[in-house]
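Structures are listed in the sections that come next.
In what follows, chain A forms one complex with chain B and a second complex with chain C.
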Partner chain A sequence: MSSPHTTTLNYLDTPICEAVLKITELLKASYKISKNTLALLLLQEDPYTQALVKEKEEKNYTHIQEVVSNLSKQYSEPLRYVISMNRQKTVDVLVSQSVTVPKSSSFMISNFLNRLMIHPLTGYPILALVLYYGLYQFVGVFGSGTIVEFIEGTLFETYINPWVTSFFQALIPWAVIQELFVGEYGIFTLGIRYAVAIVLPVVGTFFIAFSIIEDTGYLPRLALLLDRSFKYIGLNGRAVIPMVLGLGCDTMATMVTRILETKREKVIATLLLALAIPCSAQLGLILALLAKSPHALLMWGGVVMGEFFLIGYLAAKILPGTQPQFFMELPPLRLPMLSNVMTKTYSRIQWYFMEVLPLFIVASLLIWVGQITGLFQWLINALKPVVLAIGLPAEAAIAVLFGFFRRDYGAAGLYDLQTKNLLTPNQLAIASITLTLFLPCIAQFLIMKKERGLKTTLWMTAFIFGAAFGTGYLLNQVLELLRIHL
Partner chain B sequence: MTKVALVGSPNVGKSSLFNQLTKLYVSVSNYPGTTVSITRGKITIKDKIFEIMDTPGMYSFLPVTDEEKVSRKIIFEESPDIIVHVIDAKNLERMLPLTLQLMETKLNVILNLNIIDEAEKIGMIINTDLLEKELHIPVIQTVSTKGIGVLTLKDKLYELTTHHHA
Partner chain C sequence: MERIPRTQINEKTLVHLPRGACATIHALGSQKNDIQDKLLAMGILPGRMITVISKFPSFVFQIGNSQFTVDKDIAKEIYIKLS
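Right after this comes the complex of A and B.
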């Protein structure tokens, strides 16, 4: 690697080529990457390369800097720009020789659709349609209504539960052990039933809808559409992608905040994901809970969205810095491929299921141990004042306790309460809002810790707890004071 | 074992090509940023073992986001034996500058014109032979979502290792 090839560099202006040659001669240490590449990056003042070379070369580094500054004096534009223009010129020549492009393209329909999706006047109605049919009708009404009612109400309640219960009662003579499997919070009657009968249909329909939307290329257009509103919360359109992904799974989305450019954006996005973006399991269950009381549903949507923008706005004010310019590749609009939608949905459901099922089972086990030792009852009693303070019946303490494990587990608990007609629409709205604002699950906490560090995560978690219960409390007071019944 | 890195701009089909090559599964979507970390898979072509790496999208050697830094790190610190530069054939002029940068590393580079079906659909004709001659690197065409051209890519990978070790 000692002699620099100039064959791959001959497209560069002669002075640049000469500078590269000089720098490669000054690079004495051994590197894992070619010296030409390093030299060019040094000319472009890349901080990573500067740090690397400075450490390895010591004395020569000042000579290298001289070469760089001598060269940059010869140009009025930054070398970064000059070098990339050199490349682009070469590429343009090459492309003009080897590619023939037809004069008129047949992009008419997709161009038209494209413009409709991006323009605010038509874009927002399209977004509303996507949300209404994709989310509300398909996931809310069909998935968590029709399918859950069938699997939960018909299959489990009438056939499976009685059969499994009598099976375990015949198999195990001890009532305590029976409780573990088929009691009120049993591994089967609670853990597996929640996972299979309630969460699976909801998450399944959501992932189908989401995979289809993803494959069409709608999301980057949504990013462009929302870019302007996101400016107010210290983010740009780029952050739309993790936010929308968060509707699928907040944990996954927290990892995707890596695509954001600055630390400030990452912190704001992580906080908003944990606070105000409900994940698919929650979303579906909440849609199912509130589908019968549309006013409560509107209130839930309004408060959660309001909180999203308010906290985002405040965070942007508090955290110093400006958001970077937004640009994103717009992929073409495509018809989704059935096979891709199916594999993607399948792999996501599988991943999700493997993640929640053990947790649900462990939760049943913990509750069982808690009941025997009296700890469960103690915790519920301890939570009761909090639950009563936000205007919920004492029974909801169990759902809130579940919510600490996972928000969707808590929402499933609420779903159980609602089918027993224990909650008024007001209480439903408050409970759903409080649970939505909660940190979604332990997995997300761990990912937050990994991506943002322990200190930031603990601050965020403390804030989120306060915000969730504070909002519930305030809302209850306001509704009481104004005597509003949803 | 030969290390192969699939690199290129976001949303050009690296993950779907990875799935086709390895018969493993990583999530594929129609928007940039689906892949944020490296996925690895091993395959055998004839009598040789290859490690294939799927990388997050990158636009150039001067990274802006963390995901781009991840990809650059793979190229700079893991010294892959072969780099497959996956590009969207429709946007040749925007993507070839990275090809030039990859070639400067003196690693083996294959230029992979992906999504060639969409380019053909709008009537684009690409002279692959001329590109190969001008760039002095192998250029191949694929449609990764449908598995078209994957065998050619495997042949090229194998060919490069035999040259490499000769």
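Right after this comes the complex of A and C.
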């Protein structure tokens, strides 16, 4: 036991150490990781390593298996377990030699806060406070209210739009081309204005709030509070991470469903994200849209949440597979560092913007082409019966058509309608609910296809379209029947 | 996974421990292999001291300097010995 690579193994019992050496000698092929590590993984019966080595070593593999089984006969417990115990013993010794634990006051405070956060009596009110201040006040009222009003209302309407419009009108003599850039649906006046003035402040404030919440270590505590409710919809507490992130951007969140263990959980989470989790751009706009009619806002929240749990519950009933398990490490609570929060927010906004801006521009371009060829008008006319069926004025067809591109784009279209006072609170609620339930955007569809495959995605999309319009239709009927005016 | 320390029917699990109480982990249940793997990977091993911090809505416990949260199904697989 004097060769140099045994020094890293000296924490193991002698028989295990010897077995590792025997196996490393039997491993003849070349591997990307060290042979000691491979040997240890083989002793612990890691299925991926077993498959890899079996394929690369062929007949030598039976000799390796012999070494493993001979060693395991010497222990009454599985080797995996014995090796873990060996490791832990060494860690304990190392830690006792080198670590002292101070009882500082910050530790006491974080301990106290921790207890408040995970206690059911105080935990749920804290959750409500986090949602109210982090999401509603900061993102809804400040982001989509104050900042949007300033950038959109003051900067764009008063200064930028007139300047850019006159610039293009002077530059380009043809009215048709002018329309492309600065017309009603122009690349600048619609695409860039929506992206910069409406969507960016909302998404930006959300990502700031999310980064802060993330860095404090609050998310795992949120997960343990919600685990029980999430079990009803076939998910475990861990799924709150993609769900909360989905309130920022569903596309990003769909990628994050990878942290879930089983395919069943991934499918349910993907469906619920696409159906019932409004992204921040949408959320901000809807909060702004419905701000003046609290009853409509309440109904929107109730129906969307109800749909989230109902569809989740049904999906959990229908999809085969076992109940998920919940386990997580709780990191200590920490005060977030400003530089970290800023870096994360910046890279997320960058990601989002790079993804969203081209789509907005393409949408403007498509609408322009559609207008020239008459296709746009034809589509709007074709959508009008659907829009009328869910009780909306014909003008909302444009917003719904935009909604096919991006839900927030559609919601921004509704925002324009609302500022012209064309919608009653009933119609606002129904339109917001239908648009929320819609697939968020084209990017979402593409990511779903990448993560879940085309077949599953097409089924989900078909279901979501049906659910969105079906809910809008039913709701309108119910409101009419009961003569409810929000 | 056939030979992890066997547990008797009357043995106590984490579920039986009151909040705030402290015990030694005695064994990891042998019913479900995947649960055992997770526990081993997190360093939840026999012989270590475990302190229950909370039992509802989910189980929260401390081992060494780390805190973990698990659901009841997993807590039922952690057998303990009162010290």
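As a working rule, the second predicted complex is superposed on the first by the 446 of 486 C-alpha atoms of A that agree within 3 Å, B and C clash if a C-alpha of one lies under 4 Å from a C-alpha of the other, contacts with A are read in each partner's own complex, and residues count from 1 in each chain.
Rule of thumb we're sticking to: contacts are C-beta pairs under 8 Å (C-beta built on N, C-alpha and C of every residue); 3 or more make two chains touch, one makes a residue touch a chain.
In this text the structure is predicted, and so the values were computed from the model without any measurement.
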| item | value |
| --- | --- |
| Which superposed partner A:Tyr11 touches (first chain B, second chain C, both, neither) | first |
| Which of chain B and chain C A:Gly453 touches, first, second, both or neither | neither |
| Chain B versus chain C as contact partner of A:Met255, first or second or both or neither | first |
| Partner chain in contact with A:Pro120 - chain B first, chain C second, else both or neither | second |
| First (chain B), second (chain C), both or neither touched by A:Asp227 | second |
| Partner chain in contact with A:Gly321 - chain B first, chain C second, else both or neither | neither |
| First, second, both or neither for A:Pro78, with chain B first and chain C second | second |
| Partner chain(s) touched by A:Gln88 [first = chain B, second = chain C, both, neither] | both |
| Dominant contact partner of chain A by residue count, chain C or chain B | B |
| Intersection of chain A interface sets (partners chain B, chain C) | 80, 84, 88, 95, 101, 220, 328-329, 332 |
| Chain C - residues contacting chain A, complex | 1-5, 28, 34-38, 40, 42-43, 45-48, 53-54, 56-58, 60, 64-71, 73-74 |
| Partner chain A, residues of chain B touching it in the complex | 9-11, 25, 27-33, 36-37, 60-62, 64-67, 69, 72, 75-77, 79, 90, 92-93, 96-97, 100-101, 103-107, 118, 121-128, 130-131, 134-136, 145 |
| Touching residues on chain A, where the partner in the complex is chain B | 1, 5, 7-9, 11, 32-34, 36-37, 40-41, 44, 46, 48, 80, 84, 87-88, 90-92, 94-95, 97-102, 105-107, 214-217, 219-220, 241, 255-256, 258-261, 328-329, 331-332, 334, 337, 340, 343-344, 347-348 |
| Residue ranges of chain A touching chain C (in the complex, touch as defined) | 75-78, 80-81, 84-85, 88, 95, 101, 114-115, 118-120, 123, 220, 223-228, 231, 236-237, 323, 325-330, 332 |
